[in-house]
Amino acid sequence: MAVTPKPVDLTTDLGFLKLRNPVLTASGTFGYGLEFEPYLDLDKLGGIVVKGLYDKAREGNPPPRLVETPSGLINAIGLQGVGVESFAAKILPKLRQLKTAVIVNVCGADDDEYAAVVEFLDKQEGIAAYELNISCPNVKKEGACPALSPRTTFDLVKRIKAASRRPLITKLSPNVTSIVEIAQAAEEAGTDAVALINTVLAMAIDLETRRPKLGNVYGGLSGPAIKPIALRMVHQVASRLKVPVIGMGGIMTGADALEFLVAGAAAVEVGTASFVDPDAAVRIVDEMERWCAAHGVAAVRDVVGTLKTA
Amino acid sequence: MAVTPKPVDLTTDLGFLKLRNPVLTASGTFGYGLEFEPYLDLDKLGGIVVKGLYDKAREGNPPPRLVETPSGLINAIGLQGVGVESFAAKILPKLRQLKTAVIVNVCGADDDEYAAVVEFLDKQEGIAAYELNISCPNVKKEGACPALSPRTTFDLVKRIKAASRRPLITKLSPNVTSIVEIAQAAEEAGTDAVALINTVLAMAIDLETRRPKLGNVYGGLSGPAIKPIALRMVHQVASRLKVPVIGMGGIMTGADALEFLVAGAAAVEVGTASFVDPDAAVRIVDEMERWCAAHGVAAVRDVVGTLKTA
Amino acid sequence: MTIDRNARLREVQSWGDHFRFVIDAPAIGRDARPGQFVMVKVSEGSAPLLRRPLGIHDADATGIELFFRVAGRGTEILSRKRAGERLDIIGPLGRGFTLAPAAKGRTAYLAGGGRGIAPLYFLARALTAAGAKPVIFYGGRGLADIPLRDRLEKAGFEVQCSTDDGSFGFAGFVTALVEKELARVKPAVVYACGPDPMMKALAAITAKHGLPAEFSLESIMGCGIGACWGCVHRIRNEGGDGWVKICEEGPVFPGERILWP
Amino acid sequence: MTIDRNARLREVQSWGDHFRFVIDAPAIGRDARPGQFVMVKVSEGSAPLLRRPLGIHDADATGIELFFRVAGRGTEILSRKRAGERLDIIGPLGRGFTLAPAAKGRTAYLAGGGRGIAPLYFLARALTAAGAKPVIFYGGRGLADIPLRDRLEKAGFEVQCSTDDGSFGFAGFVTALVEKELARVKPAVVYACGPDPMMKALAAITAKHGLPAEFSLESIMGCGIGACWGCVHRIRNEGGDGWVKICEEGPVFPGERILWP
């Protein structure tokens, strides 16, 4: 495109947090961030949401943990990872040096563990916000996660919000009848923003062996296959909530990201795309900037919520 | 493959209905059946589920009604079609000549209309069963469809089952928190089988015009993109229900169909695939037969529910 | 209505992002009528998922020709096919143009906007064979949008070109060119294929002059065979206006039946 | 660790469903060590979505070579690439083989099962350059599975082939062939790459003989760069056994650390 690049204002204000641009990396798809240093300039990101952290290190699920599906990926990692202490000791000091906002995805096998993670992290510096992953299987409730009911969502968000000194983003699961009800429950409980969507519960079968293709039988579907579902949910929620919405699900290009903004998201997260192209998130920032310049859009925030439905 | 074709028993017994083979065509993706006569031998199908019928002819939604997404298709046809009388007068007489089971997908803008459709059809001959499409937007309930709650599902199924002289298959929506709860409600209400999944609520946006790509804003996602979700739901439901399960969602090949059987489906429906290849359903029957022959499976029913999860 | 899964791409001709395919597909070629279309599979995988509708650019007992412009991923994949490769094509589909109004010795105007020229070549051949006199109006934004001008002239048709930017032929919309010519010669019928705004304007012009007209409509198509109800356009019907499947009752409709948005 | 989006496919060699690619990718070639791998993009669209991991078959300052067998849609798409086309490759990735145990003058056994031969060519070259004596054991089900036998011999390596069906060389599993040879010559180290059952059996054999061994593991990989935690294998660690990312700590591990399923 032969466009004279005009400066485009990419800054994004979530109210509780100012970002250099509206592109964050999605939890679990960008490791702890540092893995990507060889491939992109971490300072060029709007934010990094690190892999979900439990109080203690976790084993994760037996392999196979991944299976590719048409335009999608199912994962059943089982939130393997270092515990919160190891994160604070070995990783956070490096992330703190970045100009990019660091957001920690908070996990828990029950409400107490979520609270423990936040209590510990509250004592650390260099974290911009928490993203509450309410899709963690609850060990006491037959694996049901808080994200599946407005009641459990409300209770957990309320407790964590009260306990924490930092802004709280609640990350919603798409595996519900009414995403709006859940989002509203999170808002009523005081969340500062909602992020959606987490992965869609799915499975794949190996016909020859007649076994599930994942060690854990079920897993979460992500990638372009779910983008139409994600976009619908973001649109449903954004028009009903006062707090900002962070949209994600299958974003591969700047155009995809801008569609989420048009649907009402104030910012986006880039997930599976980072597996295909480790530099995807920064490319997406660049593509958004170029699109805005080419379309005479002075500030990317002017695109937010501009869907015309009449 | 250099396989000496052994005769494979493809017959499928749903209890209330014996099928030549386990492959039916999914409602709304196979017109009223006759459209496909130039492309395949309708007698080779296990069954034809015709396009959803309301009591009266319907206008449908304004175009655009279709949008392609990665490995998927979103449709917002709005159930345009002939009414039940016109169907009985012009189409059913021809369908009756087929050796294939004819199943009518029953729609209604409220419970009364569903009942009216069944009352009328009960007087016609040549219908093997009804497939109750509980995903129709309800005009009296802000567009909410019965499929979204166990209560409304139970009430509708109970009423239609009591009113009808024919076997009833209840077709479930995937847009729910617990597909098992809904399926169980349908079972308790007396359904003879469940069919799943209907399309996943989705949307697409045209970035250049900042308009929804569908005239109706939201539509239903089908095709390979949703297969992993469908397979998971079929597996969840099949292990919990006594009545047979008919599985569908993104089936494009015989292998896909067999995976649904392995997951527990007694039969399958082929949807979007018929748009890509009008003869897809019969090709799928052939592929299933060849696979069984090559794997020494004497009867396709022996594959049903054979998933090994330990 | 045949599924030819083994149609051989005999020849490829290209001008920038426009392509002409000559394809061995006898069963489809034999049955084809001007204005009908085919559904072409563009990928073996699931993305893109659906076939793409393309008008029949020409046909004979050996097969068909297609003429298309790259519009997105599907046509882009198609454009990379090489002579000798196999295509999977369903056709001929739909109802084409009515040749009757252009009887022996009479003049017919054929207006094509951009890729809309595709079916008009076949139509012009059929009209010529029937003894009528087709005059082709071929418009585009610029010179690059009207690559078929030489081919049409070499085939012996009377061709008048227009470009919006004035880089070739009449400067302005092809509709303006047609209107100008209508003042000189009144044809027996006007046929057109092109973007909606062009056809809508032409519908107004032909109505004003009381001329019979037929337009070939476009829409996103799920199946091309009347099964999905996805391809509807608003059409005036005896029983009342309604959404009509253009793959089945069209893509060609008489001007007076089309209700423009 | 470079993303080379413009790697030029210089040369393609093929034997049935096996392919050898010679690729201009200087930045990757220069850094590559035997046993490392690359992640190759197979489609521009979303299906297949992920890159495919392939071992580095050879490397120098101008680029790398790959050797692969068509296993599914991704490798099938790759196999249709022609010389001159561009590839999008990330690498070199992971940790390769430790050359130290095969010091000057010593013998090293390299056992490759089927496509597992891929990284062993590069390894054999490096061992030879270091003055060690590689002996390559190359096994497959039949003759069609061991297409590289000529190439290995022409490169001057000592090669012993095996086929399960006895169509070429030793009749039986490559592990049996290695065991037979162990009775004759005891190497300083055994390196292997191939199907899990083969490597598991070889792990038992080398353990029995008290030989150091290194195995290159395979797993479905989401990212290849340590970010997705998808590619884990059970590995013995000082701090206890656990699931270890083979793209980061492997794909090559010492035999005694690998816990087989």
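Letters A, B, C and D mark the chains in the order given here, with residues in each chain numbered from 1 onward.
Everything below uses one rule, namely that a residue touches a chain if its C-beta (ideal position, glycine included) is under 8 Å from a C-beta of that chain, and two chains touch if they have at least 3 such contacts.
The structure presented is a predicted model; accordingly, all values stated were derived computationally and were not measured.
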Neighbouring chains shared between chain C and chain D, ordered by label: A, B
Output for shared partners of chain A and chain D reads B, C
Compare the CA centroid of chain A with every other chain's and tell me the farthest one. C
Find the geometric centre of each of chain A and chain B from their Cα atoms only, then give the gap between the two centres in Å, rounded to an integer. 34
Hey, how far is the Cα centre of chain A from the one of chain C, in Å? 47
Distance between the CA centroids of chain B and chain C (whole Å) is 36
Residue numbers of chain D (touch at least two other chains): 45-48
Hey, what residues on chain A touch two or more of the other chains? 70-72, 223-225
Draw the chains as dots and join the ones that touch; what shape do you get: line, ring, star, complete or other? complete
Okay, in this complex, where on chain B does chain D touch? 70-71, 224
Chain C residues within the chain D interface of the complex: 43, 45-48, 73
Can you list the residues on chain A that touch chain D in the complex? 28-31, 35-36, 38-39, 51, 59-60, 62-68, 70-73, 75, 77, 80-81, 223-225, 252, 272, 274-279
Using the touch definition up top, name the residues of chain A that touch chain B in the complex. 69-72, 74, 148-149, 175-178, 200-205, 207, 209-212, 217-218, 221, 223-229, 231-232, 235, 250, 255, 258-259, 262-263, 291, 306-309
Mind pulling up the chain D residues that touch chain A in the complex? 1, 3, 41, 45-51, 90, 219-223, 225-233, 242-243
